[in-house]
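Same chain, two partners: subunit A is paired with subunit B first, then with subunit C.
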Partner chain A sequence: MSPLTLLSQRIRPPLNASRFIALGVLWLAAGVGVGAVAWVYRDIIALLLNWTPALARGFALNILMGVVAMLAATVFGTLLGCLQVSLHRGLRQMAVLLTQLLRNAPWLVVVFLVMNLLPFEFQALDRWWQIPDWLKAALGLGLAGSGYVSEIVRGGIRSIPVAQWEAAASLALPRRKSLRLVILPQALRSMVPPWMSLYCAVTMATSLANLMGVEELMTSLQLRLTGQTRPDLLLPAYLYVFVAFFIYIYPISRYSRYLERKWSLYS
Partner chain B sequence: MIERYVRPWLEGQGFHLSILWDPTDAQRFLLGLGFTLGLAIASVLLSLVIGVLGVALKSSPWRPVRQAVTAYVELFRNTPLLAQLYFFYFGLGSLLPMVEDADGHAVRMIGNFQWAVIVLGLHSGAFQIEALRGSIDAVPRSTIEAAQALGLHGRKLFRHLILPLALRNSLPALGNSLAQAVKSTSVAYAIAVPELLYACNRIWTDNFNVAEMMQVLLLMYFILLGGCALLMSRIEARFRLPGYHSR
Partner chain C sequence: MSQPLQIQLEDVYKSYGDQPILQGISLSVRRSEIACLIGPSGSGKSTLLRTLNALTPVDSGRIEVCGIRVDDPQLDVPGLRRHVGMIFQSYNLFPHLSVLDNITLAPIQVLGQSRQEAEAYAIELLAKVRLENKQGAFPGQLSGGQQQRVAIARSLAMRPDVMMFDEVTAALDPETVKEVLNTIRDVAASGMTCLIVTHEMRFAREIADTVYFTDGGRIVEKGDPELIFSRPADPRTQRFLERVL
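On to the complex of A and B.
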């Protein structure tokens, strides 16, 4: 029981007939209210539904960017996180410094940095390859996220008792192998929930690519909005973006919190 | 002096740091820094007010009130900050009436800076509620029981025991949210608030010194965040109770 509940202890009354009827009336009123709003805004809703297939493609790009960014962040961040617990002093300090720098830079600034830093195209295998803008933005987000992954990995490794390192050493495993075969598999469990919430944060941050002109959900919505010149459309349209992200993100963040609670009880 | 010694040397190194010698750029840059600081401080203050209010409402005896707070927290935690900014600035802002400013120009009732403060405050307020609640929950149960055994209850228990300990517990989370607030100010770039990123963007498009300004920009954020960390560790040391460790 939390100290807050001490201040507001209250016993819920049992569900009797009058309460049941009151609840029913409330739900009915809510239903009528929603119906009325939908009727008043029916043309806007129809328009937004009409746009949905195109907007869904935009949102798919958001998700793709989120996945690519998270892959990059995981690969680079895990490397950085393992270097943070390295025995080599120089490597460790460099990894710690880089992690802190990455964590303390605003995501938008890192995305700007990568967008401006990466070349427009590069030459490999005897031909020129263009780097699409969405990939650049995703890599920028991946770089920004890798600082967080690095901290997650370091925290996960630190959460494993030193006895496990010693046990691995007594099996004659070298340090790198004991990290890979003994420590990391055990640390995985405490790393998954924060990793999932980082995925949520990265996916939400893909909307920043809107500012770079990448045609993701918000950009494709704005392109359609400028074609309409209807100020009354703005509020429902941006509400639509809210709902789209919320429907995708909320279950993942709920599940990550559930895992965190569940696994913290037994560890 | 800068014009005579620093500029030729830096330019000799290929480092066109126009904010050091161009007064317009210097002014833009400093104004941007001021806007970033102002945004961060104002939004943190707003988020603290929201956090305290939210925690109070979350312990309300009425279920709909508690559910409304939960809905607010979940909505603002699980949608992108940029979408929130656009929703408020373009969506709600376009519905507000125009008012006349001092010069007689018609302007929006709430300007872009105010919207940025409101949205950043609402966004971090949602995180603040969770953090503050967590810090109240982290007050040890045995300490509360000890206070109850001494006859404290209700308001007195809250004011003399739970609140002072909970505030200390909340300091790390507060430092975190301060750092987060400074970083989030860069998103105000989207609605043309002339903060640091916006100012630097203007400067590098005018002077073609993207690489230099990028480094300056990152350095500024590191200094700001380092300052926040230093400030918070000072405050934590100042309020540390000997022998008391939160969970």
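On to the complex of A and C.
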């Protein structure tokens, strides 16, 4: 027997009867434990379940803000990232500086800046439009995220061999068309996994909008908690938020890691 | 030969830092002429080609290609490159595009051809390089020789006046070298002006109108292929040919 098969057997021994029973007992014990805890805290669980429809609306706003923020970050960050490889020295330096500023500022600070920079309402098409707070917060997060997108795009562009630029140039394609039609489509593959990780981070950061009074999951939970004045509710309530985010984020982050592995193997 | 000059270099110098690459190159090629550059690696052959389509800017000297001054600081670079096709050692096909899209990309985007027009010509060219059944294939599914022939078709789709080949068979298996050389023969026979950097001495001898031997960034010897290969005048050419033949 080779050392490799020995090793693999140590990791995953054959499933014999006694092991099967042991596993069953373990799962049963865990189930009984969870059941017991649920029984002790049954009123809290019932209360949280009762709140769930309202809290789900809050969480939907988190997801919407995450999507809007990521859209903004992608549009602005892609522009910044492309400018970071521009041949025009002034544009390039400006894009590099802005990217570094955005990447090294706390997200909350950027969000507050944008919240205060954007007007409460603006006039267009002969009427006044209000900008809701959730949109302002999402755009703030988008600006913060655009620094990261800029770096992802720059790294993606740099990962494509110079020979591809030269081949495109030799066919008389101007630089911008080379970038758009030849370089970026190839760079996409290396950009998607970090972009998805950023989406996860941005979605989690939408809970910061709680501090601006946007009625997302955290805010709507806290509103209900203050109505109860029960300190024993705090821990399970925040655990609830924790689990909600985890259920949404974890599959995405697993999928992005899967893509990363798959594409690095077959490239 | 009374054809007009299509490529002219006069006293061209280029160095990277304090590493001289081209040290006073002068050369001229007439329309429909087949010029082969031979010489040891690092003698500046590839750099010479790259200066002609402005991939590599020169330090000094005069370059004129198809009547366009390449050393002009106001040069319309894409305008120049429409006239000059270039084939690379590593093919450099676009891996995310099918064979057909590789060929039609530049005619559609640069020449403003309709997709229909560009595809019709692409199919014609694919037949010429004997790959008519590979339209929908992606570069990764093709052999090296097939990829290189697609690269030649892609370059021809721009209807260039000059074609440059930069050691295009150096990365190929011996048995696929032949199919690529045959394709170059066809291109040369069509009356295209060709500038060919190659290590295939027999091919150079057979196809060239003029052979240039370069060493140390200079053209050491030039002339009729029969003359260069059978009775080289310069001792450096003699030593090089003894080693490779």
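As a working rule, the second predicted complex is superposed on the first by the 253 of 267 C-alpha atoms of A that agree within 3 Å, B and C clash if a C-alpha of one lies under 4 Å from a C-alpha of the other, contacts with A are read in each partner's own complex, and residues count from 1 in each chain.
As a working rule, a contact is a pair of C-beta atoms (placed from the backbone, for glycine too) under 8 Å apart; a residue touches a chain by one contact, two chains touch by 3 or more.
Nothing here was measured: the structure is a model prediction, and the numbers come from that model.
Visitor: Of the two partners subunit B and subunit C, which one touches more residues belonging to subunit A?
Guide: Counted on subunit A, the partner with more touching residues turns out to be B.
Visitor: So, does A:A172 touch the first partner subunit B, the second partner subunit C, both, or neither?
Guide: The second partner, subunit C, only.
Visitor: Could you tell me if A:A95 is touching subunit B, subunit C, both of them or neither one (first, second, both, neither)?
Guide: In the superposed model, A:A95 contacts neither subunit B nor subunit C.
Visitor: Return first, second, both or neither, reflecting whether A:S253 touches subunit B, subunit C, both chains, or no partner chain.
Guide: The first partner, subunit B, only.
Visitor: For subunit A, what residues appear in both contact lists, the one with subunit B and the one with subunit C?
Guide: Dual-contact residues (subunit A): none.
Visitor: Provide the residue numbers of subunit A that touch subunit C in the complex, in ascending order.
Guide: 163-164, 166-174, 177, 181-182, 185-186
Visitor: Give every residue of subunit B touching subunit A within the complex, in rising order.
Guide: Spelled out, the residues of subunit B in touch with subunit A are 55, 58-61, 74-75, 77-84, 86-87, 90-92, 94-95, 133, 136-137, 139, 141, 144, 154, 157-158, 162, 179, 182-187, 189-190, 197, 201, 210-211, 214, 217-218, 221-222, 225-226.
Visitor: Using the touch definition up top, name the residues of subunit C that touch subunit A in the complex.
Guide: So the residues of subunit C in touch with subunit A come to 53, 55, 77-79, 81-82, 84-86, 88, 90, 92-96, 105-106, 109-110, 154-155, 158.
Visitor: Can you tell me which positions in subunit A touch subunit B when the two form their complex?
Guide: 2-8, 10, 101, 104-109, 112-113, 116-117, 200, 204-208, 210-211, 218, 231, 234-235, 237-239, 241-242, 245-246, 249-250, 253
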